[in-house]
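Here's the structure, in structure tokens; my notes come after.
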């Protein structure tokens, strides 16, 4: 009985010591990684430009400003911070000397690059992005067509609170709506950059005047050779590119049915599927592209009888011809640039890598000389007439 | 309070050579000296009308006996009837033919006699006899049967145990009219000599557990058992845990149901609380109401209860993880509004959550203790003013209030798990504040391992969940309550034998 | 009490599966064969089967005995103890390796400023707690953790399906057989052949359970889980990303977006990692403690747990300088672990078979006794 009492007493003593030790350990040095929400400077978007001196970056961060704190309604507005540094990370850390809180990147939505950066320094940007675990893989990398990347931040965000969120939403939703913007999250850009036989294309944005407001707008794409920006293509070309890449899930086709010089028919794309077959017959590359789209009629020409099957068929054929013509044009442009933005080479690599080994050194030449055959089949599923 | 003659006094009396003799007067003076300072001790001497040689003396303790019984059934027949001694022993003849009492016992043991006296029996001494007769005349006022306030249900029986052991046992006996319902009497407490009863259904209950229980009961070495909780703490498994390993209930229907599942119940004189053992984790989520209501509704309620337990433990910790460490787990818009609300608050989120939880506990405790006429005012003060004003004054952020309220409300859904809920909630809160989500998972794992290693009387605490078997028989009663026609077997956990319920449910 | 430490078949299988899957949740990425690594994984599973049959056979020859008892019985006191010592060293090393793996991941991914010591201590705390409660609690823990882990893997695969691109698996069979074979060997030694670690725990397996079933089912199921998560990562991220990413499962899940709300699901993967990690480290520490106890003739292995934990933490801190070293040293690990995973058990197996034949022939009066 006495022994039990003694053992119990000792064990209570030990427990108390442990508890006290742990309390001291936990409270005095503090919680190492704890960052309250009010200690964060949330970065929503980043714009990278060349710095004023040689070989420096000037980075502009769009962060969140809380106008009314606490309680029922709070408003958010963007505020901009600029910082310069010889490396990316240095510029980021240097921003702290002007800020009370440390920058926080987990909610970053976009990275905007100026043309110059895209021409020379894409790899460095991606290097920072891939080493830091805070930015997520789903951000978009965007090229600014204005004189600097930071200029895009001067726009007024229309439906969201920040320009970066605006850009993000534009790119994210576009495939279902207008389908003329490249929707390529950063992790897929990384994959495209490092895959053989395909050239990277990134969306381009610029400022537009809308009434008396300045807004951001998507404006085609930028084409890269390896990791250097070389050309730009228009929005229409981007739309055609998306068709070839089989990434269309929406959009409008407008054609001139009556051939009176004015577009009078519009069709809304409901679904579209593209099949691409790339073959090499010894000295030429032959590409066969089959596009099948289901559309709904949006507007019809004057005096058009929607219930006349022959007319519908004619319309379908006309639209198909129009689309394939457009796509051919874009392919021609790409051939002139010598950039295989469609991934024909990648297709060969994936299906017969040994063949690719032989062809890859002269691929640019082969691409320029390739024969492309496009068939477009449009099916009008819905007349869209409700009245 | 009765003043019981101490053991030493009795020993002294015995050692002093005073023992029951055949002389009535000596016995009377012996008892008078034993019960010297006890005012309620009554001595009544009388003799038989027809033959004055028969002298009797009864002792009883006023207030604990039924006077009418004494008058009509003891004094009157003894006084009035013709006593003809024959070959039988005089006491036996009195007991068999004259005294009209339902329970008579002959005894020569002073210890037993004094115990019975203190319980409310009447002692009869006869001139010329050494032994005495112990006559059953107990009568004391009891609380009427009412529904226990802590275990109220919507529909079903509303009887609850009261403080009398016999009444409670009768409640059980009426519900299980089986000859296999065994009730073993024991007595605990060196001073209180509290009578306790172990109830079980022979053939359903596991004899190993019964044996283990007997072994542990021998260790009960305390001077007084006032409530079953004393017994509970002595016989339960000696592992340091906030979980209950021995169940309690104040309702006879609950205890009867548990007996039918193979558990063993212990009741004591003086307490309406019965304890059942072994007790498993799943029982904390079961309520007798589940069986009195529609099974779909009952299953849903049970699911809500299980969910509440998890919510009440993990909500503060998870909130701290999201707000203090892993801000990228919150969607963007939510993140912005959280940050906006936190930007002017002085305290870090973990301290805030901790303080608000403590404040809530204070309010809850105050609510239990305060007189009911102050109830309304305090609830208004507590809820609205403190919560709302604190947010307006920018002392705390609004999301914390929501988190704390959710925690508190879900806490109320699981009355049987209050202690573990409190312990684990603060533990998880503390460890999440220090190490974020990793600490949170570590804390949860420690809790889980603790649960897995717990045993109640040898049965693993987490039966049948830890078997994770997909055999329906094992979890029919855990997550949901299956209708009776599907419950063919008893839960396999505490039970060994009789796995078939008599073709339950019938055809419907 | 009424309890005896014994594991059911289901619990044993769960221990093995979690053991196999636990650590590779970390690595999960490609091992050098780019997009053909899944072929290497399948090959490794196939190559592991004869190995596991050997382990199972050892168990079957001496039921209810763990690895250390068997070594003592087969090789006598002195040689047996040397073998036990070798195994114990290996197990402690394994514990430290796994500990270091996990704490690196946690430090890089989620808690950058926390010193690794704190993370290691917490890990080891859970492991020590599970070990001190015995093998049966470990079995139950794994039996609970495995359904959670497996369903998280299933859920994540379903969530990732919209983001998967089947073309990422192409070009198939691009890498040559030699590379695939080398990678398969790597995968074999880490993690598949580490199921030798179940042998010390084998004393709790009941006589009537078939060790073959336990080992084979555990290996195949664990291998399938690794294969599934690898394929998921590959199809979401693509081979180049997979190659350069430190924690591909983590990256893959950050991409998932279901509707507008279900976006940031990395907590699922981290929970998976932690659960697997706890299981694996607990098993390692338990095996080491039992070994040390048998080595020094200590009756109850519970007292050796804390010293083993301290040693494991210390070794974990000093063993690598940085993360890169950790990843590249897996190659070296292949070589020396080969000794412990293949050669030593083979020696024991051969010895056990010989002893068994002798006993059957009745030449040696040493009969098996219950331990």
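Per-chain numbering from 1; labels A, B and C assigned in written order.
The rule we apply is simple: a residue touches a chain if its C-beta (ideal position, glycine included) is under 8 Å from a C-beta of that chain, and two chains touch if they have at least 3 such contacts.
Computed from a predicted model, the values in this text were never measured in an experiment.
Participant: Counting only chain pairs that touch, give me the topology of the graph as line, ring, star, complete or other.
Facilitator: Its topology is that of a complete graph.
Participant: Among all chains, which one's averaged Cα position is nearest the averaged Cα position of every protein chain shown?
Facilitator: C
Participant: Any idea whether A-B or A-C has more C-beta pairs in contact?
Facilitator: Pair with the higher count of C-beta contacts: A-B.
Participant: Quick one: chain B and chain C, Cα centre-to-centre, how many Å?
Facilitator: 47
Participant: Taking the mean of the CA coordinates per chain, how far is chain A from chain B in Å?
Facilitator: 66
Participant: How far is the middle of chain A from the middle of chain C, if each middle is the mean of its Cα atoms, in Å?
Facilitator: Between these chains, centre-to-centre, one finds 40 Å.
Participant: Return the residues of chain A touching two or more other chains; collapse runs of consecutive numbers into ranges.
Facilitator: 33, 136
Participant: Chain C: which residues touch two or more other chains?
Facilitator: Correct list: 111, 114, 118.
Participant: Which chain B residues sit where two or more other chains touch them?
Facilitator: In chain B, 325, 328, 435-436 touch at least two other chains.
Participant: Provide the residue numbers of chain A that touch chain C in the complex, in ascending order.
Facilitator: 32-33, 130, 133, 136-138, 185, 187-188, 190-191, 193-195, 349-353
Participant: If we count contacts the way the header does, which residues on chain C are in touch with chain A in the complex?
Facilitator: Residue list for chain C touching chain A: 108-109, 111-115, 118, 167-168, 170-171, 174, 237-241, 244, 251, 254-255, 257.
Participant: Across the complex, what residues on chain A touch chain B?
Facilitator: Contact set of chain A toward chain B: 26, 31, 33-38, 40, 42, 64, 66, 68-71, 74, 76, 104, 106-107, 134, 136, 165.
Participant: Please give the residue numbers of chain C that touch chain B in the complex, ascending.
Facilitator: Listed in rising order, the residues of chain C that touch chain B are 1-3, 8, 10, 106, 110-111, 114, 118-119, 122-123, 125-126, 129-130, 133-134, 137, 140-141, 143-144, 147, 261, 263-264, 266-267, 270-271, 274-275, 278.
Participant: Which chain B residues qualify as touching chain C in the complex?
Facilitator: These residues of chain B touch chain C: 208, 212, 325-326, 328-331, 435-439, 441-442, 445-446, 448-450, 452-453, 455, 458-460, 462, 466-469.
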